[in-house]
Amino acid sequence: MPVHEYRMTERKDDRLWGGRFEREPNARFDAFQRSFAFDRRLLPYEIAVDRAWAKALEPIGIFTAAEVKQMLGALDKIEKRAKADSAWLEKVGADAEDVHHFVEKALVEELGPLGWKLHTGRSRNELVATDFRLFVIDAAAQIRNALEAILNAFLQQAKANRNVPMAGMTHMQHAQPILLSHFLLAMRKPSRATSLDCSMHRRARTPVPMGSGALAGNSFAIDRGAIARELGFSRCTGNSLDAVSDRDFALDYLFALTGIATHLSRLAEDFVLFSSRNFLT
Amino acid sequence: MPVHEYRMTERKDDRLWGGRFEREPNARFDAFQRSFAFDRRLLPYEIAVDRAWAKALEPIGIFTAAEVKQMLGALDKIEKRAKADSAWLEKVGADAEDVHHFVEKALVEELGPLGWKLHTGRSRNELVATDFRLFVIDAAAQIRNALEAILNAFLQQAKANRNVPMAGMTHMQHAQPILLSHFLLAMRKPSRATSLDCSMHRRARTPVPMGSGALAGNSFAIDRGAIARELGFSRCTGNSLDAVSDRDFALDYLFALTGIATHLSRLAEDFVLFSSRNFLT
Amino acid sequence: MPVHEYRMTERKDDRLWGGRFEREPNARFDAFQRSFAFDRRLLPYEIAVDRAWAKALEPIGIFTAAEVKQMLGALDKIEKRAKADSAWLEKVGADAEDVHHFVEKALVEELGPLGWKLHTGRSRNELVATDFRLFVIDAAAQIRNALEAILNAFLQQAKANRNVPMAGMTHMQHAQPILLSHFLLAMRKPSRATSLDCSMHRRARTPVPMGSGALAGNSFAIDRGAIARELGFSRCTGNSLDAVSDRDFALDYLFALTGIATHLSRLAEDFVLFSSRNFLT
Amino acid sequence: MPVHEYRMTERKDDRLWGGRFEREPNARFDAFQRSFAFDRRLLPYEIAVDRAWAKALEPIGIFTAAEVKQMLGALDKIEKRAKADSAWLEKVGADAEDVHHFVEKALVEELGPLGWKLHTGRSRNELVATDFRLFVIDAAAQIRNALEAILNAFLQQAKANRNVPMAGMTHMQHAQPILLSHFLLAMRKPSRATSLDCSMHRRARTPVPMGSGALAGNSFAIDRGAIARELGFSRCTGNSLDAVSDRDFALDYLFALTGIATHLSRLAEDFVLFSSRNFLT
């Protein structure tokens, strides 16, 4: 029996981790450990990774070209339905442990046992590590764009009020006269400095974890470079233990947000002060 | 009276901010507001900036070549004495408000009124912003070296124990067999990822604030590029308001330390566990 | 015109702060500054405070007994409908700036201009300060009960396994034999120590802010003690500036949660370790 | 051989944990693991606990009355010398692993092998837990006094300026006229609310850990109540595992400091604003 048949044969039903336990889990624990309620926001990234994985399974003989085609068709359909049909999303999701399980259930609904086959040679550990990276990269791009919009507004205001003078202050005392444009443009640099441009927040600079398995790597001759290219990543992670456990990119993102929020808060406080009756008179 | 004489004439004594107040400050407040006790660690950086500033004052006619020479000689002497003669450091420091004041007092002790002249056209705001950057850049280099030493130790251990197997674990349960070398090398990437290599922590990538004044810039035709080159900075800051108030580089450094400490703590916990009787039997 | 008529006359429409502005606010800003989406959870507390306030307005001649009766009837009706009729909640809430505005709109819908009269002599500042205290007091009671349930489970396990020995460990090494019951009961004290029993988290020990106005107190001869008794508070706040701005009770609550979570996390980690194959063999 | 002789016989030299290791520890590790450089500030509390422990060892037959007297005399001498003779403190401290070891070394220097006997039936775990509680209780008392002094200064200012009006502000806009005394007295309540009065910060309300051993309790019939009374504690800890590991009292203290600092910072910001030219004109 070929390796890739193993999982299909073993999986007689939809239970993800029935093997070790004799009894069903406690119902409240079961509800507690489900993550679909919040990891469903990873769905678009999960499907993108699934597409890349399906393609990568063909050259190593797990999928036929026809199966890949079926799989890609089903993934398109699931992606569209998940957006358009919230009742269906809720129904399938109600039984799903997490976003990976959700897609698997939807694939089996669509394709029968072939749906289970997509998970061949991979682990939820590397999937969530990859999905989460894609999620953070997108979130960083949104923040970057919003910030750019604010900074452009400052630039426009600076241009429109180029020579308007104001009091430059130290210790809340008048210090030296400056220009309003000088004040407004002071925001441009720090917002970039606490930047979202660090390597982890650009798809082109991030390594892809797929191929790391649960922790010990992949025993198939899967083409990891092709997966990285397919997903727009620049390269593959080097150490599978680190690849599946590393969440530094998320901390980096949160730290960048903290810095941006601090600068905006400081600026907002200045505007509150400048709008005070004490400053206007 | 030339501009550069102004300060020398006005400063009749050593008091830094006597102008606005009629009475001496309260003694306990005075003690509270002094920072020399902790900013004395910026002294080597302050002196380096002083050297660059002295040289920059010559082309714009504030200093003669002879005065620059005297100044550089005095700075060398102060630097050496501060290292070698702690009694002198304590004595001069006892009256110094901060590290900038300390150097000024030592210069006046050495050179008479010429010592005051070095502060022409600059502010303590830009000085401390520059000193602090240099301090953090050096601190980051030290951490980088120490980290490199740890990672090299792991690399040596990995090489020496290349094929030693161990249990890879998930959820504290045996999952898959891995190699000890695989485990040890998992530390290499994350330690670099939460990296000290961001732009602010390399002198060659950081902009120099000197020339920003207290907040509104410099009214002399000072050659800021020459100062940057002299100090090994790559370029000058663009907005003087931001330059004197920005401390993001210090937060970035602290965040990098937090990440490094988290990874080392995790590893240490693994070693504590592996050394437990439960894991050894 | 009696003082209490002033507001009713002035308020010709539903706009809360139209007086100072000539134009409508920017639509996106208007959406941003609305808080009903999250402060709606204060609704039961708002209504409880409204009941107490309505009663307090009668002795000082703002409401007749008949008006109080009408008001209480309307508040009961609104409370029930908000629970039962989510479509209505959403519809009225769509135009509501915050939970206070929501109730006012619902009261006017029910009672006409009399609905506006309830706000006589009070401010949203003291309302939210009071609502939020009641919310935290209730939340603390829930956590206290849940914690009691966990600790009772430990107590039961300790009783049922009174003499089961286990290895007491220091530094993850076997140190001295102890009893499982000893281990389990070690949780009882710390969970109480990081307690939710501090004065701010018991209604009977908290002072009520009502009567503090926006910040400067209340100019009617309102009976603050009666309001406190009605709401189960023990006493009234002493300084109106502090009463409307103090949120320490919420920080105290969050700190208590942090401590509880830390203890539970430590215990959970112990259970994970004890369930490890390394500890079971 | 009586139990209490065991330790004296076994301890042939000053090494604290030589038993398990065949070689001396690495010199840099040895330096790293020493804590005397910072736990020396626990010395007065350690000596107080030592006194109570010495007395408690007499009724159970470990010490004779004469030995207790010798011990108390030596502890007095050590306490005085540590204050007066810093060269001696440094010399003995240079070889001391921690504050407990320091006192033991000084006792042996003074009394010979009898010095070792004081540690009979106790552990450094319960010692540091007790010392640290005493330290925090004293630190809390200092902060409480300093805070009381600030609040009294506000009270004096409030009395001296009882009817001085000022602008009460909301959102940095003039809202309602208030009195300066009203403003100043607003600080009194919050500073008490984030109080240092919680049970852990008063000696009279804290339980003493002594008698908890390393973790599993004390096998002598030691009179824990007498130790508690001697040290001014109200009672004894109930669970030895919790007693030696609990540091919640320190977190509670830090949280109280955080709250106090936040209130003082807010007030200081108000004073900075009120001193601004914009507010003075």
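Think of it as A, B, C and D in the order they're written, each chain with its own count starting at 1.
Basically, contacts are C-beta pairs under 8 Å (C-beta built on N, C-alpha and C of every residue); 3 or more make two chains touch, one makes a residue touch a chain.
Note that the coordinates shown come from a computational prediction; the quantities given were computed from them, not determined experimentally.
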{"item": "Shortest walk length in steps over touching chains, subunit B through to subunit D", "value": "2"}
{"item": "Chain whose Cα centroid lies at the greatest distance from that of subunit B", "value": "C"}
{"item": "Where subunit C and subunit D are represented by their mean Cα positions, the distance between them in whole Å", "value": "36"}
{"item": "Separation of subunit B from subunit C, taking each centre as the mean of its C-alpha atoms, in whole Å", "value": "47"}
{"item": "Where subunit D touches two or more other chains at once, by residue number", "value": "none"}
{"item": "All chain pairs that touch each other", "value": "A-B, A-D, B-C, C-D"}
{"item": "Contacting residues of subunit C [partner subunit B, same complex]", "value": "169, 171-174, 272-273, 275-279, 281"}
{"item": "Interface residues, subunit C side, partner subunit D - complex", "value": "125, 168, 170, 175-178, 182-183, 185-190, 193-194, 198, 200, 213-216, 237-242, 245-246, 248-249, 251-252, 255, 259"}
